[in-house]
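Provided herewith is a single structure, encoded as structure tokens, for subsequent inquiry.
Chain naming follows the written order as A, B and C, and within any one chain the residues start at number 1.
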Amino acid sequence: MSAPLTSLLDAPVAARPLPARTFWRRALRHRSFVVGGVLTLLVLASALLSLVWTPWSPYEIDIAAKLKPPSAAHWLGTDSFGRDIVSLLLAGARSTILVGIIAVSIGLTFGVCLGLIAAARRGWTEEIIMRFSDFTFAFPAVLSAIMLAAVVGPGMVTSIVAIGIFQVPTLTRLTRGSANAIWAREFVLAARAAGKGAFRITIEHVLPNILSILIVQATIQFALAILAEAALSYLGLGTQPPQPSWGRMLNDAQTLLFQSPMLAVYPGAAIAIAVLGLNLLGDGLRDLLDPRLARER
Amino acid sequence: MSVFVLRRLLTLLATLIGASLIIFLVLDALPGNAAQMLMGADASPDAVRALTVKLGLDQPLTIRYLQWIKGLLSGDLGNSYVYGTPVAGLIAERLVLTIPLAIMSMLITVVLALSAGIYTAANHNKLGDVGVMSLTQVGLALPNFWFAILLILLFSVRLQWLSAGGFAGWDDGIWPGIKSLLLPAISLAVVQAAILARVTRSAVLEVLREDFVRTARAKGLGKREVLWSHVLRNAMIPVMTVMGLQFANLLAGTIVIENVFYLPGLGRLIFQSIANRDLIVVRNCVMLLAAMVVIVNFVVDVLYAFIDPRIKVHDL
Amino acid sequence: MSDPASAPLIAVDNLGVRLNTSRGPAQAVRGVSFALKRGETMGLVGESGCGKSVTALSLMGLLPDSAVVSGSIRLEGRELVGLSDAGYCKLRGNRISMIFQEPMTALNPMHAIGPQVAEPLRRHKNYSAAQARKEAIALLDRVGLPDAARRVDAYPHQFSGGQRQRITIAMALACEPDLLIADEPTTALDVTIQGQILDLIADLVEERGMSMILISHDLGVIAENVQRMMVMYGGTVVESGPTNEVFRRMGHPYTQGLFRARPRLGAREGTRLRTISGTVPELADLPAGCTFSDRCPLVEDRCRAALPPMVEVGPGHNVRCLRTDVSMADHVGALSA
């Protein structure tokens, strides 16, 4: 699983040395890239911070201190078990990002490989792969998670696998579509004329050329994965207590809407910030990495 | 019927068969024994064996699959493991809620998205465009169940205009039913509308750049007339594709939203059946949802042929 | 206006167009003046980006909203610059029509051709659907579309490029306009079709007594189809006059260069095409004086000081050049020197 992923990350340096300084100079002036980048870094930093430090333990239950309003000790107050909201939010970022990264990696690994194979082999192989991705489309993440949960029981792994499966068809289609466009180009024809095989052409020419599209889409898919993770945790199919997660916090808060409405606001805002950040980052990357699209704006 | 429709129909059938196979394999073949799950770990082996035979789970997989398909075609879906009543009846009861909910939210989605998309495209780069587009960016980031909770906070907790959940049914006329589905439908629609509005905007902008728009203007048509009579129909193709895909998200969304609002719909039935280990209900509900998704996308494909005169010829 | 017959149909005076391009605002057209009588035909020649299409679009009022138009365009004495879009809509397709370069994309792929041809009639003449359809068939028949009555309900993709251009011509002529603007109407077509389409346009112009502005980069097309011509370069008119006169005595070094850069059949073997050295200047950074000065073989310091005035070198034949004494004395020799 790690081999294609490494080559995917190494490829831009090897195949097309991006003028890094120009990129950053343009990037730092791009509004949605900067805003999206800052928001995404904020979420990432919260997740990392929660590994080493949180104001209170997100697992420690203190019924005496339950449903406290914001104070100097508990900046955003406490929940119905007396847990510190800030600590829960920080630790929740961890689950969200963990599930997102693994699910998108699964989606990318399978989606990109299948898409590249479909584009390289054409014919029956392509037909079978595309039909398969067609009917995987009939199962949105929640549906496949429900099926899995019915069989193996709910949990973080269930949600990761379900979200990962749901990412595959989108990425397969995108990869195949862009790869087909590259296969039709003259330099691929030249490479074929030079006797290179389909595998080498895919690695040396096709993959590097569709990489920027894939990076942009991966960002967007990450945002979708976060939304799906939140929904599954909210339903109780994803991350299980006591492991904190934003979706679960919302579920808990919903029963207390009349007493402490703000408890339902914070975790949702955290999800929205994470998703907004990634979406803006994706938009920015699209403009920056694909000059053709950027000019059309 | 044209060759185009016929070919799509065959693909539809193949997709349905594929989906049913996946569902069957995941739900019936992979897990050890449904009867065991149903009765719990400490049930006696004899009781489990008896239940296995009673539910027909001792038959070979192929037979069970074929029996299921036969049942699907004849409308006899078997009995719920838990309630003992016919699954078809259970589902039908719930569809009375879920289908109106899906239709209402799709309508709200389309109305919101098309008006926002067309408005922003017609006012490209002006203040209204930038404002509405920023709003959709926020809309894209909202989890629909959180938006639903916020709506409950505002309309039920603060303003106390609408109830926070539950379904009034259709017995007292249409209005109470619609009223209880209003917040769920809106919370499902807003996020979808944000996506669709962006798709509509870029599709309209793309068509506005086409040469035939200039030709139409050169004939003396005003900007608005060109938009309505020449641009929109061309822009509808990508918009409809996304609408078809969104219907899938929307159905999946009903599972979540029905749980937020405690609505006794199909989504909640699936959910409860998982908790009850009522696999036969889960299997048929999932199949139904998957079939609805596939069929809606088939209808969209066929509608293309009516909208775009080029498709028929290409595919003949 | 004493005599309606000799009064100009359209009179353009000191037209200027400022466009917002990706490289900043640019003066795409400046100081363009001409007048066209009813039934008169005029050619507009120049390389791409010289401002000929912008001039045409400004006559149609179809420039982008951000464009700033100065000067005056009068249709039978009525000022068009500053006219509202609603006002322009009453003229477009009715009094002034336009044929575009790309027949493949100029028709709406979603609508049958009949309704598209009938659209101006429905709009400007309030024809009923049935009337308009009948008229559309007659028009399609007139422009030589085979089997028009049967194919009126067919869609654009079912026609070839030449046929589609015939359809756009039918569309432009539907309301019998006074002025037809043809912007490179044959550039996108096969060579064999080009002649047929040009002949069709010429016949229709003659038959209906229309005025025509024909835009082309092809001197051959201009020579055969119009009475008068204007050569544009860098947004200005560098030479204008009766077609015969201009071809007989080319006064501007650019016109001469354009003429000699033209490939010819029957040229002696080994004859090289003479190109004009340099490239067309970006409209955003035109030279200060004569727009052609950077590429002109006859350039002097005073050419770069200010835009030269138009000089009359023959009856109705004007050249925007300070060095007509040299260029017109022996233009071939002078240029190669």
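Convention: a contact is a pair of C-beta atoms (placed from the backbone, for glycine too) under 8 Å apart; a residue touches a chain by one contact, two chains touch by 3 or more.
None of the values given here were measured: they were computed from a predicted structure.
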Which chain pair shows the largest tally of C-beta contacts? A-B
Based on the averaged CA atom positions, which chain is farthest from chain A? C
How many angstrom lie between the CA centroids of chain B and chain C, rounded to a whole number? 54
Centre distance in Å when chain A and chain B are each reduced to the mean of their C-alpha atoms: 23
Using the average of all C-alpha atoms in each chain as its centre, how far is it in Å between chain A and chain C? 54
Chain A to chain B touching residues, read off their complex: 131-132, 134-135, 137-143, 146-152, 223, 227, 230-231, 234-235, 247, 250, 253-254, 257-258, 261, 264-265, 267-268, 271-273, 275-276, 279-280
Mind listing the chain B positions that touch chain A in their complex? 11, 14-15, 18-19, 22-23, 26-27, 30-31, 137-138, 140-147, 149-150, 152-153, 157, 164, 245, 248-249, 251-253, 255-256, 259-260, 270-271, 273-274, 277, 279, 282, 286, 289-291, 293-294, 297
Which residues, counting only chain C, touch chain B once they are in their complex? 60, 62, 85-86, 89-94, 97-98, 100, 102, 105-112, 119-120, 123-124, 155, 157-158, 168, 171-172
What residues of chain B sit close enough to touch chain C in their complex? 210-212, 214-223, 230, 233-234, 307-310, 313
